[in-house]
C-alpha cells in the first residue's frame, strides 16, 4: 500500500446493480481497482464493500473524487468511509504487566507488517516501560490502583493529546468504563485470552483448565460497553491436553493471543473490517 | 489390538515409586508392556496410568494376574479396571434426524477403526431407519413426542436387553433425564455442536452466527446430569467467515462433529480415557 | 443454488474498469448479482472473476444474455464459461480398493452438499461394488491387471456413454495415460495422499513415516500428464508423532483425504475454480 | 524445572521388563519420577525413554546415582544421557538478514520459556547487530562473501570459545560444510521455510507460489550433511490462497518459522528429543 490511492468502505441496503454502480463510479474517473471485496448479507439485505483504488491515473483530483461520491453514497442510503493511501494509523498501546502482545506489535510495526505509528505505550504498571523505551517510544505510567476513574480520564487525555486513532488493549487488565467505550467505539481493539464467548472475564486459562477443555484460544475484538462481547475480528486456538496445567495454558495461549491480536490490528488498520451490529465483516488479505 | 492381552487403567494418590511398582508387577509375571502411559496431576497429587500388556508369554493365567493385582491396587488406595483383549464393546447409537454422525460410526466400525459392535440404532424419529437397516442393524423407533419419560424408560429397557456397555448420542436431540445420566455414568458419550463451554444448549450454530465468531466447533463429552457440562474427551474447530450463514455453519460443523465424535468414541473404547471429576484424562494414540 | 440463475467464470488480460464493465453488463439486463468474486494477478496482469447471477428478474432471456455476452468477452480477449442453475454435474467415480473417499462422496451427495449426479462407480477391483450397489448405483468392473491400455479405453467408453462431465479418482491406484489426461483436462480430479509436492508417487505414507515428518496430508488436484503435478485445489494436513506407524498414518490420513477431496469436488462443481497454468484460482465458499 | 533433578534419556534394544527395570532403579534410591515418557518402536524393536527425576529426596548423591546407572545402561546395550537440573544450555544463534527468528528466541528466553543462555549472535551480515546488542548480547560479524570456508572456521572458533552446546541457525542463509555438520551433530538446529521434504533448498516460498500450494509451512530440524534432510523436530503450516503472492507467503510463513523453531529449540533443550537415524522421537510437553 505504498502507492497513491484510496480505500473506500461502504455499507448500504442491498439493491440490484450495486457493484456496477460503485465500480462504474471508479471507472468513470479512471481510478484503477486494485482490490474489490463485497458481501451481501441475505438475511438482512445489506451490502458491504471495500475497494482499494490506485488513483495515480485518475482524471480528477482525489479530493474531488471523494466529495463527488457523496451524491451516490447518499442515494444508496449508505455509510461510507474513504482513506487516503499511503497511510499509517496513529495507535496507542495500553498494557499492564505482560509484554508479549506489545512486543509483537512493536516487532511487526518495525517490519512494516502493520501500517501504524505507535504514539506511546500507556501502562497502569511500570513493567513494560523498558521494552517501550528501548524502542524509542514514550511510556506513560498511569496510576489506577487508587482512583480508577481518574486513571481513565488521564488515559483519555493522553489519547487526545496524541491524536490516537486506534487504541490497542494489549493485555490491559482493567475494565474500560462505558463512557470511554463509547468515545472510542470502533477504534478500540482488545485481545481476550479465550475463544469467546467461552470464559468471559478474568482468569480464562484457569477456568479452561478446570473445565478440562481440549482447545484454548484467544479472541481479538472491538471493545463495547458489554464486557468481552464486542464484534470479533479474529480468533485463534491451540490444542491442550490433560497434562497441561493452567500455567502451561498461559504459555501456550500467548501464541494465540499474539497471532490473533496482530491479525486483528492489521485488518482494522487496512480498513478490512466493517462493524455490523454485534458482528464484524472482515475482508481478509 | 488383535493379540491376547490386557488393558489396565488405574488412578490413585501419588506416591514415589508408583511406576516401578506397577511396571514391576507386570514384569514379575513376564507380561510384555506394549504401551505405557502415565500422568501425575501435581495440583491434586493424583496418579493416572494406562498399561497395555501382551499376556501371551505370561507365566500365570490372565485371571490370576487380574485377581492378584487386587492386593496392590488396594494398597495404593486406587481405582482400577482391567479389560481383556481382543475386545469389541457393545454400543447402542441414539439418533434423531441427522445421520452424519451415525454414518461416520458405521463406516469406521466397518473399517475396523473402532472396536465396537453396534447393538442397535435407536431413534425418536424414523429418519435414520434406512441407513441402519441397510447396514444390517436393528432400528428401534421410540416415540417421545407425547411421553418423554416413557420414551426414556423404553430406551433404557432396550439398552439393558442389548447389554449395551456404551451409549452414543449421535445428534440425539433430547435432554437425557438425570436418572438415566446416573445409570450410564461414564458410559454415555454425546457430541455437542459447539466448542463447549460456548453455546450450551439448543441451536449453537445460530448462536455462533449471531455472536459473529470466527471459529465454530464440536465437543465430544461424557454425559452427566449437568447439560453439556460433562468431562470433555475431544474438541474440533473450523474457521468460518462473515459470509457463512448459520446454515453454512451447520454444514461446516458437521465435519467437526464427525471427527470429534469418532475420536472420542475410539479413545473411550480403547480405554484411553480416565474421568477425573469434571475433566477427562485422555491418553491419545 | 436452487434458484434460476447463471454462473459466469471469466479470465482475461487485466485492464482498468473491468469490474464496472462486467457488473454493468449484468445490471443492464437487471440480473441480480448473488455473489461476485474477482482476483487480479499483478505478476501476470491477468484478471479472474466468478459471478453468480439470479436471472429470475432479467429483462431478456437467459440464452440471449449468454449469447450477447460474446461481444464483450471477445473484446476483453477473455476466456469465459456460463453455467445454468440449478445444476447437477454428471460425475463418474473411479476406485480401486479403499472405499473411504467413495463413501464420503456418496454421503455428501445424498445430503445435497455436492451438486453432482454420480453416473456410476468404476473399479479395477471388485472391492467397492457393494457400497456402490446398495446406493443404487451401477458398478463397472474393468479388468486392468492384464491389459492396462485396454482397461483405460474401456473406462473412456463408459465415461462417454454416461456423458460424464467430471471424473473423480477416489483413490484409483492406476496411472492415467497421457491421452486420457488430455481428453479430460480440467475435468478429472484426483486425491493424492500426501501434501504435494512432498511424496509424489506410490506409498507416500510409508515415505512420510521414514522421513519422520510431523505432519501428513492430502492434496486434491486436477490431473495432468505430469504425475501428481496438476493444479492444486485443496490440501489438508494432520499432526503425527513418533509413535505413529506408517499404518497409523494411513488411518489418520484418510480423514485428510476425505476432507480435501470433498472440498475440491465441491469447488469444481460450483465453478469456483479457474485453472491458470500450474495453479488453480479457488473462490472458496 | 527449577528444582534439583535429573533428566535421563535412554534408548536401547527392546526387551520385556524395561520400564520396571528403569523405574525400579530410580525408585530404589528414592528418586521421584516427575515425568516418564517411553516409546517402543515395534518395527525396529527399539525402546526410547525420557525420565525426569526429582532428586531432592534421594538416598545417594546424584553423582553416585549417575555413575551407578552405568552397570544397568551397559547391560541393556543402550545409549543414555543424564542432565543435571536446573540447567540453562549455552546456545549461539547464527543469522543473516532477517531477524524474526532471532527476535522470537530472545523474547522467549527473556520470558523463561527457553532454558538457554544465548552466548552470542553471529551473523554473516550486519543486519541483526542492533537487535542483539540492545539485548546486551555480543554480536560477531563474520565475513563470508569472499572466503566461505574461512568464515566457517571463524564461526567454529567462536563456538568453541563460547563453549556453545547448541547452535541455532535462525534463518542463516549459508550451507554449512560437512565437517561442521559432523562436529555439531545433534547440536545444530535449523529452521527451513517450507514443510519439508517439499521445497528443499533456496527460495521455497517462490517455489510454493509457483506450484500453487494451498498450505505453506516451516520445518525445524537437526542439521546433517544432507541439505534439509536431517531429523525433523517440529513442523508448522499456514493456509494460503490464490491471492497470496510469494511476498505474502514470506510474511505468513514467518509465523510458522518462529513457532516451529521455538518449539524445536524448547524440545531439544529440555532433552525431549532422541535422534533415531533420520527420525526424531519427540516427547512433547
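Each chain carries a letter (A, B, C and D) given by its place in the written order, and its residues are counted from 1.
FYI, a residue touches a chain if its C-beta (ideal position, glycine included) is under 8 Å from a C-beta of that chain, and two chains touch if they have at least 3 such contacts.
Everything quoted here is computed from the prediction, not taken from an experiment.
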Checklist entry - What is the touch distance from chain B to chain D, in steps? => result 1
Checklist outcome for this item: For the copies chain A and chain B, the interface residues, called same if over half of the numbers are used by both and different if under half, are same
Item to check | Chain whose Cα centroid lies at the greatest distance from that of chain A | outcome: B
Item to check | Distance from the mean Cα position of chain C to that of chain A, given in whole angstrom | outcome: 37
Item to check | Where chain C and chain D are represented by their mean Cα positions, the distance between them in whole Å | outcome: 41
Checklist entry - Of all residues in chain B, which are in touch with two or more distinct other chains? => result 243
Checklist outcome for this item: Given the complex, residues on chain B that touch chain D span 16-21, 23-24, 26-28, 30-36, 38, 40, 57
Checklist outcome for this item: In their shared complex, chain B is touched by residues of chain A numbered 39, 42-43, 195-199, 210-215, 217, 231-235, 237, 241-243, 245, 278-282, 284
Checklist outcome for this item: Given the complex, residues on chain B that touch chain C span 100, 103, 107, 111, 113, 134, 243, 248, 251, 255, 259, 285
